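Which chain is which? They are A, B, C and D, in the order written, and residues in each are numbered from 1.
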């Protein structure tokens, strides 16, 4: 494996999750942290020769002019989760990754995210095509300079507003023609990155609720370039629990009357989600899973509120009101207190490792067996976490049997 | 089906769960309540021609001289769960079942349970064999009088203290010889009922944490008489949640440091569990599942406390402290507020229906595919609720394929 | 006392709280319920000869054509809080009160509340003055027919949108001139009732967050007619707890960084509060108390959401994030599960009894010593519950000393 | 003030609370931390010229051979509450205090606490009198060497088992005679420290549930030497909340049926409290306050369990089941997550400052106005937190009026 180089190009490269990915990779390499939280470190994957996390080469695009070192320090102070001494040990690794980050083009990012931008790129694209080409040029340079064998574009950027897929997004031929027109609303930024990745035959992983490659033309493009893609919206906390608990209510034939979930948190993502348009994407992705699993629609309510002093700690209170035998009303409540970036980062690393393994196996298109990682899995309608995990186990078992590693 | 008669002989026939079973069967038959809470009413079982709940014939043994009508009224007042008008509609059904209940022999019931006894049986057995024979005589009379085709002995009695299985319980031959000796400590009451059932070729279902048929000699006996048995300790609330949530932590490679569970409730079961000896059985059954699923032993603590004003409402607070990526400590807490008897009763009815179906299919021995119903499933070490449920689904699917109904 | 007749004219006479008041008065009179929940039954008030709850004469205005009997049955079924047999015992009392309820004029009620209206009054007023006169006529008739010595108008109606007090509401002279103009926006409905009450020298109690008598011209009017008034917004659950807990944080010099409160409930009030305009009144009243008590402004968030299956049960989750010694971040969370109408009704009865006592003592104007009953107490800025309660205790002690009963 | 020297002699000088006191005093002096959490920093005390926290001189006794520096590092790692850099800044201050700590005599400490002892004193006393003299000698040396004007002995040691006060403890004359006999059970260690302090005319503050000076002979001794004493059992978390919330239920005439409290935590105190004998003191002190405030006895349950991974974080879940109007059962639950030492340390500093102020004012005997700091306040039966706080406010106001500072 050592000769092969896997590059991870992160969209939102100085954000909380990206910073945690970078710090985590370095901390594991330096022996500071074990692999706790990495699904890909489970015994299930023993013998598969997944890429060593320490060998991943990081780069990326970012709108804010800062650095992984600063971002890591800010994260540590705001959320108090790892020791300051780690920053000393990992500083060089972070600085090297920081040096490989480029300013992001500003097309299609929306007004709320635009407010955060503090890093002006040299060129301001006028058309989606021009933006894609600027992105692609940065990818090419990264691949060349770092001798990357497999490039994975990983979207960890802020949540965009919901985007309605229309006729123009149905086929690649049609969409390709539209890309050259000066229409900033044709596609959101996340999809421009997806197209840049897939056109180049690179892998695309969308960890956000934004559109990314979730439309027919992108699927078609991926097939044509033999590219892999996976997404969307990493399932880290409250929604994970919904997809764990809802099957229990279903299997016990208990009648869920209402499922209310309130989330509070205080990281930068919160600033973006304070815009109702951006929040709608997140809430939509969080809300549908319960109905999908139960097979009927209880009263549901999901809120996500930005409370600055919470830092990266996301606390969810869920109240589940259900009817049991003889019509008796009962209830379950849970409170989840998780550090958001620390829940998301290991899953992002898992997705990189598992996608890389698929690349070596020659897989093309959406990675349906990774459904358990996502709130809105690409290419499969299954939301029950345990059915999703079974897809993964069955997939790995099948691969082991066919002796392809 | 209408010609076939299925009898359910309940040990603890006037207890909270038994009362809810009786009332529930009547309420469903009278159209007052839907099948919410019945697993056996899930679409999974469509086309299997399970016995109609309304056709089950109830009888049983009891230590307390009361009636299902009184017990139902007491339950309603203490827990406020169904309308008083139901009692009017169901009174005749309850009275008929009450008339089929017999005083239980007092051998092997332990000091704490003995304190509750207010109904003196005509004969006081001196040996386990004598007690078994008294039980068997009552079973025979019930079968004869009610023209029962399939008799199911269902243990819903109070929890006994833990019982150490020893050499005497290893083979039926050996145990049979000991039964005739005047040794009250040879077997707990629950096992005398199990032996009476299995010797008669009847089905035995142990919904309690007591020993019942959970020892080699009883397994051997069941094989020899072609009897079915299932158990033990119905999984209704907090433990159900443990077996739902622990797999999530395992699949996400999160390191559970401690899992603390405090339960408070106020029904008669609580009076018995206030005796530390009896409580030990319950706590043991509740405590082991987390360790079994995770594959390592976190700090665990389970308490069950009797708070009279809670009535039949059991409230559990669980605090799960876990370590995630980069060693960060996070936590989940849940609060479960369920009406205990209303969670247990439908599962007891499910077990009766599914055991009856197995009887017609010619099954013998422990029903391993019913593991999802129990805290300590007989014959299988699986505690992950979703793996257990998969056993049930696979079993039913297999049966449907082989076209045996 | 028996010769003296106290009348209670309820605005919103068939609503949840009004129904509970009517049922509660009857149930206490009939010996079904003790005085639990009545502040005025505390030993503090021993010897004050407060009016006997059973002697209060109920009447009122209502927009919906129903009855106390129907409303009580609906409440019982939706929230399962008292036994059906009570309705039989109390039916006559409820029917008598129902017969004294009149259709409410529709002026100034706002669009959302108007949608609930199903009872058309004979006359539709065109001006505020006309509406006030219609109300006053009904009050006069009630007083005459029932030989009422002291009439208390008690507002238990749905929450109106916030109302900006302006120049026109500063003096009674000025306002009086405006009342005759056909301007539906001059005053909300709650204030028309307040004026009708105060002009007649009757007592006015505003249990809602609506404007009522909370403006200078109404204060002036009350002084001129020697009338009593009290309000506003009964403090029953989450806000009560805020005013109990915030002083603790203040006295311990703990720095509250954020206080988030989410409320869910399912009664008719919820339908009205689903309109953001109406909700704003409620949230405003709930939100300000923490800042007022702490003396600085933490991040605060209050939501109230309508979840139909909750019935009258209001569940609040509050998350309080605070900083302690050496800057350590700590937290407290609470979950309050209360039946809203059953928390509100006894306080409404208390207010009637205590206002009547003041009337006999010759008090005029706002009853500041009743601050502990309200989220936005009239005439006093104190929100600390224990300081408010001390106002009450001191007031009663002072009255006892001066030997006026 | 600067010429006056106040010494604080801490029993349990390397424990969690003592370490936090030492670190906190240094951190405040060095400008690292504000006075958040210090009651004595409230505006109420403005103008009273309390001793500056930074001027307190620390010393003490300890059973374990370690240091404040080590203990602070251990605390930081286990509970993650302040930045490592603080230890660098405060190291010299901690080292100086460490140098003033002496090995504690081992008489009367009980078996469980004795197990923790790793520091052997030079002399092993055979009688209580001998132990007291050894303690007194260390106090004298401290006073002389550090030129202490006012010495305060502050007990922050582990909780001892409950101790029955008997005839021998009623008068100082009688007790004095018994002290010379070789009877290790005559008095617990906490009381030997109290006697040593009070005999020397020093101030004694008991922050623990142990006996300390809570018996008539000690009261008499204090009077005779004109000494001050205060205690006992600092009220930091769950019990504080009980004394805040119970008055609310009382003032609203709500009927508390049960109050269940479960506490989990993982600091060294937990090791000691795992001994049921030691735990009994703590639980007793925590349990009685609710009954005292309500005036009747609901079902109560208090548990404290040692869960090592919790570190110094104490989490309490309280479940309060109450009956409201018309008999409806409702409930409140709270979850308190506090860092125990960080809640206790500022209160200990407050007590030192306020006791020193009393000393300058010439006060003698128990400080009843400090009741709000304690679970079992000396000399006063008031448990309502707000009544207790009012005692403090009234005391300070009175002192300000009499112009004695």
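To be clear about the criterion, a contact is a pair of C-beta atoms (placed from the backbone, for glycine too) under 8 Å apart; a residue touches a chain by one contact, two chains touch by 3 or more.
None of the values given here were measured: they were computed from a predicted structure.
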item: Pair from C-D, B-D or A-D with over half of its contact pairs in common with A-B; value: C-D
item: Of B-C and A-C, pair with higher C-beta contact tally; value: A-C
item: Whole-Å gap separating chain B and chain C, where each centre is the average of the chain's CA atoms; value: 50
item: Chain centre separation (chain A, chain C; CA means) in Å; value: 50
item: Multi-chain contact residues (two or more partners), chain C; value: 80, 333, 335
item: Sites on chain D touched by chain B in the complex; value: 80, 257-258, 260, 262, 264, 299, 301, 303, 305, 307-310, 315, 317, 319, 321, 329, 333, 335
item: Chain D-facing residues of chain A, complex; value: 80, 83-85, 335
item: Complex contact set, residues of chain B against chain A; value: 20, 23-24, 27, 33-39, 41-42, 81-82, 240-241, 244-245, 247-248, 251-255, 323-328, 330-339, 342-343, 345-346, 372, 385-386, 389
